[in-house]
Amino acid sequence: MSAPAPATPVLEARDLSVVYAGNRALSVENFQLAEGELAGIVGANGAGKSTFANAMMGWSRGAPKVTGDVLLDGQSISALTTPERVRRGLLLIPENDLVFATMTVSENLAHAASARQAGGRRIYTTDEIYDLFPNLAERRNHLGGQLSGGERQMVGIARALRLAPRVLMLDEPSIGLAPLLVTVVLKTVRTLVDEGLTVLLVEQNVKAAIRTVDRLILLERGQILAEGPVDEMKADPRVADAYLGADT
Amino acid sequence: MRMMTPLSWLIGLGLMLIAPALLGGSGAVYSAFVLIAIFAVMSYGLDVIVSDLGEVSLAHPVFFAAGAYASAIGSSRWGFDPISTLLLAIAAAAIIAAGIGIVTLRMREFVFSLVTYAVTVVGMTLAANWAFLGGSDGITGIPVFNIFGYSALTDRELWPVAWLLLVAALYLVRCFRRSRLGQEAMTVHLNPRLATMSGIDPHRVRIQVFLFSAPITAAAGWLYSYQRAYISADVVDMYFLILMLTAVVLIGRRILLAPLIGVALILCQEKFLSFGGYVDRIILGSVLIVILSFMPRGLAGPAFDMLRWIKRRAKNINT
Amino acid sequence: MNFTQQLINGLVLGHSYALIAIGWTVLLGVARLVNFGHGQMYMLGAFVTWFVMSRFGLPYLVAIPIAMAVGIGVGYLMQRTMLQLTIRQDLVSVMIVTLGFGHVLEGVAALFFGSTGQILDTPLSVRDIYIGDIWITWQDIAIIIVAILFFALLKYVVEKTRVGRLVRMVAEDPKLALLAGIDIRKIYLGVFAFEGAAVAIAAALIAPRTPILTSMGFDQVIITFVVVVLGGIGSITGSYVAGIALGLFAAFFGAYVSAAYSTAAMFVFLIVVLVVRPGGLASRPGAH
């Protein structure tokens, strides 16, 4: 092995494959996410986007065979359990079930990483979170189950911020949200990237993704079909296909 | 049935009938065979619920006891013959099953199991206290099994009856799995949404499967009362529940002979390799725990895997 | 029979029921788990207390923590065995496995402690108090005090502390809890260890009221089940109130109608509740 290049990717996947009962759901040879980058994975429904995000977390529905290597800051985390990966700073905000419905917003946000776990990574305080999402400040004593879709998404992001993230993966943050709210959520994501966070956006809503990300990765049938800077990818007819296929 | 059954089945069942004689024909062998047949029939009732409907009924000891008590009371107090007591046993179990079925209609999974467990506990209380059921003294004076002039005083003489009952239970379960109701039960079990959309009423299916299952277990209780000639509250013992559950999961689900083999293994251990009642109890409970926790497909799962592996190896060697 | 005496009996019985049910309240309501070996764990707690006191001559206050330690061990071992089933939320299998554990525990206890009945006398149970014609023992008073303290402490821990929050998170949504960095295995193991300790302390306090037998134990599961369901799954306050109500019901039903059928009567009452409110059990996971 050669010495790490000056820019070691923050998150990396090598030959990652997920096989369900003989059917290959995902096969990604090489995926990299650079420091401070905001990348987006797009693709039609069933392309394997969520499978990819879950596999990075070491979590899966059912019992598929997962092989390959996942690296965080150049270190393999493939042998780690999901909670251990979270403690290293790899965070996934899942597609739905974003909040603990029987807990209040402030209880939802009370769960935070300890300074020791964070190892120098930033733990957002609740005050900083309420500055970022003024809506949540107003609703801090409401139960999670009473929140709107947009507020739930905010709680999801906020919880991740409390856990000292190194990399944030958002699975379909725009799903079920009104267009205006999608803009608000994605703008917040951009703010977080500007503050130094590395983010991977998993989106079916190609239009929203194109507006937000720096780099676009097109996933189809579990494989990376194309990737590149968003301005180049925009013109790619295959992206346009996905775009038309899933214009929500 | 004979028409539909392949020759191998006929031979197998025939061999089973003469097996105790082949094994020396001692009294202990005949009792073991009779008890295995009775408890296997008892387990088949539960097997249908667990394997096909996908729920766990803990009320089946009550059906077993209902059959035993119905036949004990019918024969000793009212002088019924075995055919009449069998009908009485089936009727009693069906009535209780209908009651439980209606009450638990909307309950699923563990709520259903909890309530059926509570039914068993209430059954125990009733059996031990209710004077009609003989209270703690139980019911004595059950006459010898006597039908069409055939009198079965010993287990040797009772064995053909037990064998017939077992064959009948196997046949019924086999027919059930091929019937429309059996198919519907599997659909409800595996895909409730699909079932509803295909026009199957899950509630109706559940009640019907329950009504099919309870009399099978009750029929086992019916023969048990003749075999023991004395019935008391210990027929509702937890032992029967654990025995049934273990027999059903031990070999594997939805394999026709699995409960029979399961019961046979357990009873052989208890009859011929016993370490005393308490240790046997520990063994039985541990088998149940280990199978469910570590071998959810039962013993047959790894066995099938092994067979497939051997076949593949054989094929590879040939080519 | 004297009405006031029955009222007192009912209150003592009610606190006993509530105390026996406390482990299950946490299991079922807070962590969505069941334990059908609960009754046998109660039996074990009673026998360990008796054994430590009668064979080693150790004081009651030493016997209680030993019984709790054994309970913790048994609870941990059970959950360790069926951890995969728990994580898959295969409650039906969990139920049967715990039933199997109950069966094993009963065998082990009979083997170890013998199958004859024993009397568990404690320094408190042999000291009576008479107020007029009303009779109560110090043991009864201890049951009431411990039950109240235990419920208050539990409510505080579940609602106000970090551990309580983690348990509630796992109970409500195990996947989301994993993604929040919580090691759900530890929580499940911990909850079962707690169940073991809670039922053991209940046994050490309550078992002196009646002779103890290795075959006792399964009435407790039903009483516990009724308390937890009537209390509204997992509601800690609800369980406490339901326990008291049920204790009063049992005392008066036993005194004026029939002692033998009081468990059956409770169960019939429960069936009525479940039929009227079939969703009752599954309604509010993680509620408190």
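Odds and ends about this structure:
Note that the chains are named A, B and C in the order they appear, and that numbering of residues resets to 1 at the start of each chain.
Assume a contact is a pair of C-beta atoms (placed from the backbone, for glycine too) under 8 Å apart; a residue touches a chain by one contact, two chains touch by 3 or more.
By chain, UniProt protein names: A = ABC transporter ATP-binding protein; B, C = Branched-chain amino acid ABC transporter permease.
Here the structure is a predicted model, which means the values were calculated and not measured.
Ranked by distance of CA centroids from chain B, the top chain is A. Compare each chain's C-alpha centroid with the centroid of every protein C-alpha atom shown, and the nearest one belongs to C. The leading chain pair by number of C-beta pairs in contact is B-C.
Averaged C-alpha coordinates put the centre of chain A at 43 Å from the centre of chain C.
Inter-chain spacing, taken between the CA centroids of chain A and chain B, is 52 Å.
Rounded to a whole number, the gap between the C-alpha centres of chain B and chain C is 32 angstrom.
In chain C, no residue reaches two or more other chains under the touch definition.
Within chain B, contacts with two or more other chains are made by no residue at all. Contacts from chain B toward chain C in the complex involve residues 55-56, 58, 103, 106-107, 109-111, 113-115, 117-118, 121-122, 125-126, 128-129, 238, 241-242, 245-246, 249, 278-282, 284-286, 288-289, 292-293, 296. Residues 162, 165-166, 168-169, 172-173, 175-176, 178-184, 284-288 of chain C are the ones that touch chain A when the two sit in their complex.
Of all residues in chain A, those touching chain C in their complex are 57, 59, 81-83, 86-87, 91-94, 97-98, 100-103, 107, 110-111, 113, 117, 159, 163. Within the complex formed with chain B, the residues of chain C that make contact are 34, 36, 81-82, 84-85, 91-97, 99-104, 106-108, 110-111, 218-219, 221-222, 225, 260-261, 263-264, 267-268, 270-271, 274-275, 278-279, 281-282.
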